[in-house]
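What follows is a pair of complexes built around subunit A, which joins subunit B in one and subunit C in the other.
Let's look at the complex of A and B:
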């Protein structure tokens, strides 16, 4: 709408502000709770202004962890989460871009069969294949290891499909020009396709990083050792039965910490992310 | 520097009875340094032929020699060719310099020499100030020149052009045509140029190869093709407006066309069914020549320098091109049409080939 009516402008801003308030309020509550003492958190109603326990709570969570439930410090969990998210994001991108390259640019027997096989796995999310996957990973002795955490989640039909779609929009003449210039397939891949995919790679990295960071069910199943917990699992393990027993201020502090890296990744890569979703340099 | 020979070159897609043959045995000998234009309507196989020379399409049958070497099984990069594509196919993420240098980098040419060669090409094409730019920051004409620059720096034996002018506007196209001619004069590199535009073909070609439906219809200089078209297809394709082609019944003295009976020149080659061709610019008012045809004017188009007069002849329109300074006939007028015998073309209606 290109209407320039001051009343409408005010109305739209008010609506937007209400929307933001609705979305942001739980976040704010989480933050406030993470700066209170245990007693203050349990007051009803809980106060809405931040308390003075910010440093105390966050340093306790990072360095020592909760005193109830699982008492592991959160800092190493953050590192675990980071490793898991990075390995999954990078691994997914590396494998899918190579598979897409093979599917689009090489003629081999059963090419479309393989493509459809990859495509069909889209219909099988982690949750559906979790029991057999768990069995395989446990038989391979990969429980409580980074390999176990990341490998089963690396294969990605979505990313392969996305790269395939992108490669199909690269003009054939570019491939032919490269052939005439004497570039072999790998040379073409590295010199032409990779730079052209940069924005798609950035967009996928953001999506996959968040996907990896937020994994819940899989790490919950295969990590028993506290040193292998991810931040998300850490939160879960801090919550013990009964409201009064859980140190909610610490849980909230951990939640805030767990939210931070994905938010940072999105903020830092926002420009590339949007570019990768909307335009391609061709 | 190289000659090219095409020997019974065939292209077929698919196999067995379902195979779709698109090039039906083209034979042509192209001399060193010649500028050859391959021209024909869309889908006639001209681009396919060029791409077979480039090595981008497999050759189903026959042989292609470049510089005396059979290249059927060679990769494009080994054929000593350079190609300019219709959409230029510049690498979007590389600067103009890198676009031109890419092939040389792969060929492991020393950096200093790459720089000299690119600078030289940039100078010829006036790209010096643009070397650091990305293709998307260039205009269509500049991109086109970069594409040519990329071809030049390779110092190939053969240049291949795949409709390189069709994405330019009319003015730029005329200008680039002249530049290509100049470039060819300076570098003297054997060139194959594909186009569907007969003006480009006539102006650029030293010899032109006219194709239709996968067959070579004629291979000759622009003058030969214009003056002695080898078939009704060439007659109708080259020349604008196209040649009038009239199917009629001859009995030695008269040709009857759609109920009209026209006196035939004495040189009429034979009796029976015939196709007669006469270019609009070779028909004129007046009673000179072997016979005067009286036709009724239907439409007149004024183009400034000339007028196109469409006259009714049976169920077809006969086009006459007259000088724009002559008074315009009005629709409905009956005009006498003078026909010069030496300007008539005769074709066999069965084979469409030229008789005389």
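Let's look at the complex of A and C:
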């Protein structure tokens, strides 16, 4: 702050407090609703303090699912979401880092052709080509499988771009030194480039984990089998339509569970996440 | 940008790019090509015969009032989501940038919604605004507003806009905060010494210096409003009431999956692709030039 201005300082904190209140309010109400009985949720107005049904609601959704909507338990869905998020994050990072390495550190025919091929995937989100992608996956017999859930989402250029940008900043002297010492390309990659990329990898992991965990349209289309649902889909399947028919206390407990892992990843890895987000997109 | 030194190998680079190229070909180029091809085909009502239809699908679309309405809905929706999200996030970021103590705490409390899936954000706000039991609906009824987004199109739009902005605030906030922190303090101090008050400093120094960030966020937010908000809409209004919140990508899904109109839906996909490509090109053109002051 350049000068002292008590009025502005107060305004600053008030605005931030309002901002945080707006951000936190829906999350708080969700938590409260997830600790009430169904009757309490349906009371108008709903009470604003947590009730005593925390264990009852959470153990019911984790083990048994809802009674009126989908009766699939949420625990396996959490496992599915976790597998999906991990495979997408790790898969993207793995294939991107090696292709970025090839594109930056080798000169070969077709290099810029490959680069542009990867580049154009930036332009088309899955949502745009959803139906033909669905057909391709179904032709390959990958409906209701982890491969079908994850592989189509691994095709993306963001990670390749980030690594390419990062590799461009690595001093050329390192390559020269490695070559003088007689190291081949893979030795250089494993012993020099990978350790240097640790921060970028961590940052990308956070972003891609959240991307994978929060997928909605794609798992909605290709999973028919309840055992393949992800947590986000599970919420949707519990809502049966009609305010008073849906078991909101269970829906909200599931929503809390579905938000928890990505929120933890964001909070625990905040430093890398912020760095990675700002770097990836620029 | 080229590296001065490079490795030489006749086969290794191909092996290294192979996995990504394979996945890109199978799950990107193949379906994208099919989408373009289907856009020119027409199926009969029973799906038994398919014939080449030229530009008929596109002609039908542009004559379809529901499709044109969906365009309008998308335009209104994305302007509200992008504009609202950017203004609110900028305000919060400018405030957070002023705070010396507790800045990290504020940031931590404000980045939460980034972790929330759009579909979950929709469920949360749909519950708060649920016509008969929602806590905010209750407040609004007491204020004399007859709130029912299930029946009222404008209210349905308000709901999906609020949920979409809420989900995106953290993202915009982080970028603005990073942008603000990269502005040299000396510039602002010099202006202060010259007697510029905080508001004047904001409009004449900070805001122009932030313009690359703002423009970048504008494009990202429009793309977000076009596509990522699918989850918000599907978990709340499902495009209703009577198409009031049916954005383009939702209509692609409705026509393609629910009504199984492959040709029409693919033609819509093709038009959407064109829009995204235009947006991306505009963005890259601009980012190449970097700065505009």
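As a convention for this text, the second predicted complex is superposed on the first by the 260 of 282 C-alpha atoms of A that agree within 3 Å, B and C clash if a C-alpha of one lies under 4 Å from a C-alpha of the other, contacts with A are read in each partner's own complex, and residues count from 1 in each chain.
In this section, a residue touches a chain if its C-beta (ideal position, glycine included) is under 8 Å from a C-beta of that chain, and two chains touch if they have at least 3 such contacts.
Quick caveat: nothing in here was measured; it's all calculated off a predicted structure.
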**Study point:** Clash-or-fit label for the pair subunit B, subunit C on subunit A
**Key:** fit
Check your understanding: What is the contact status of A:221 with respect to subunit B (first) and subunit C (second): first, second, both, or neither?
Key -> second
Review point. After superposition on the shared chain, which partner residues are touched by A:192: those of subunit B (first), subunit C (second), both, or neither?
Key: first
Review point. Looking at the overlay, does A:268 come into contact with subunit B only (first), subunit C only (second), both, or neither?
Key: neither
Review point. Is A:168 touching the first partner subunit B, the second partner subunit C, both, or neither of them?
Key: second
Check your understanding: Which partner does A:79 contact after superposing on A: first (subunit B), second (subunit C), both, neither?
Key -> neither
Point to revise | Angle, in degrees and to the nearest 10, that opens at subunit A between the C-alpha centres of subunit B and subunit C | key: 90
Check your understanding: Between subunit B and subunit C, which makes contact with more of the residues in subunit A?
Key -> C
Practice item. Scan A:176 for contacts with subunit B and subunit C and give back first, second, both or neither. Key: both
**Study point:** Overlay on shared chain A, then closest C-alpha pair between subunit B and subunit C (Å)
**Key:** 7
Exercise for review: Jot down the residues of subunit A that show up as touching in both complexes, subunit B in one and subunit C in the other.
Suggested key: 176, 179, 281-282
Check your understanding: What residues on subunit A touch subunit B, complex-wise?
Key -> 171, 173-174, 176-183, 187, 191-192, 195-196, 198, 281-282
Review point. Can you list the residues on subunit C that touch subunit A in the complex?
Key: 1, 3-10, 12-14, 16-17, 19-21, 23-24, 26-32, 34-35, 38, 88, 91-92, 95-96, 98-100, 106-121, 123-125, 127-128, 130-135, 138, 166, 169-171, 174-175, 178, 188-189, 192, 198, 201, 216, 220, 223, 227-228, 230-231, 234-235, 249, 252-253, 256-257, 262, 265-266, 269, 272-273, 276-277, 280, 287
**Study point:** Sites on subunit B touched by subunit A in the complex
**Key:** 54-56, 75-77, 81-83, 85-93, 102-103, 106-107, 136, 150
Review point. Along subunit A, where are the residues that touch subunit C in the complex?
Key: 1-3, 5, 8-9, 11-13, 15-16, 19-20, 22-27, 29-30, 33, 41-42, 44-46, 48, 94-96, 98-99, 101-108, 111, 114, 117-118, 121-125, 127-133, 135-137, 140, 151-152, 154-155, 160, 168, 172, 175-176, 179, 184-186, 188, 210, 213-217, 220-221, 232, 235-236, 239, 243-244, 248, 251-252, 255, 258-259, 262-263, 265-267, 270, 273-274, 277-278, 281-282
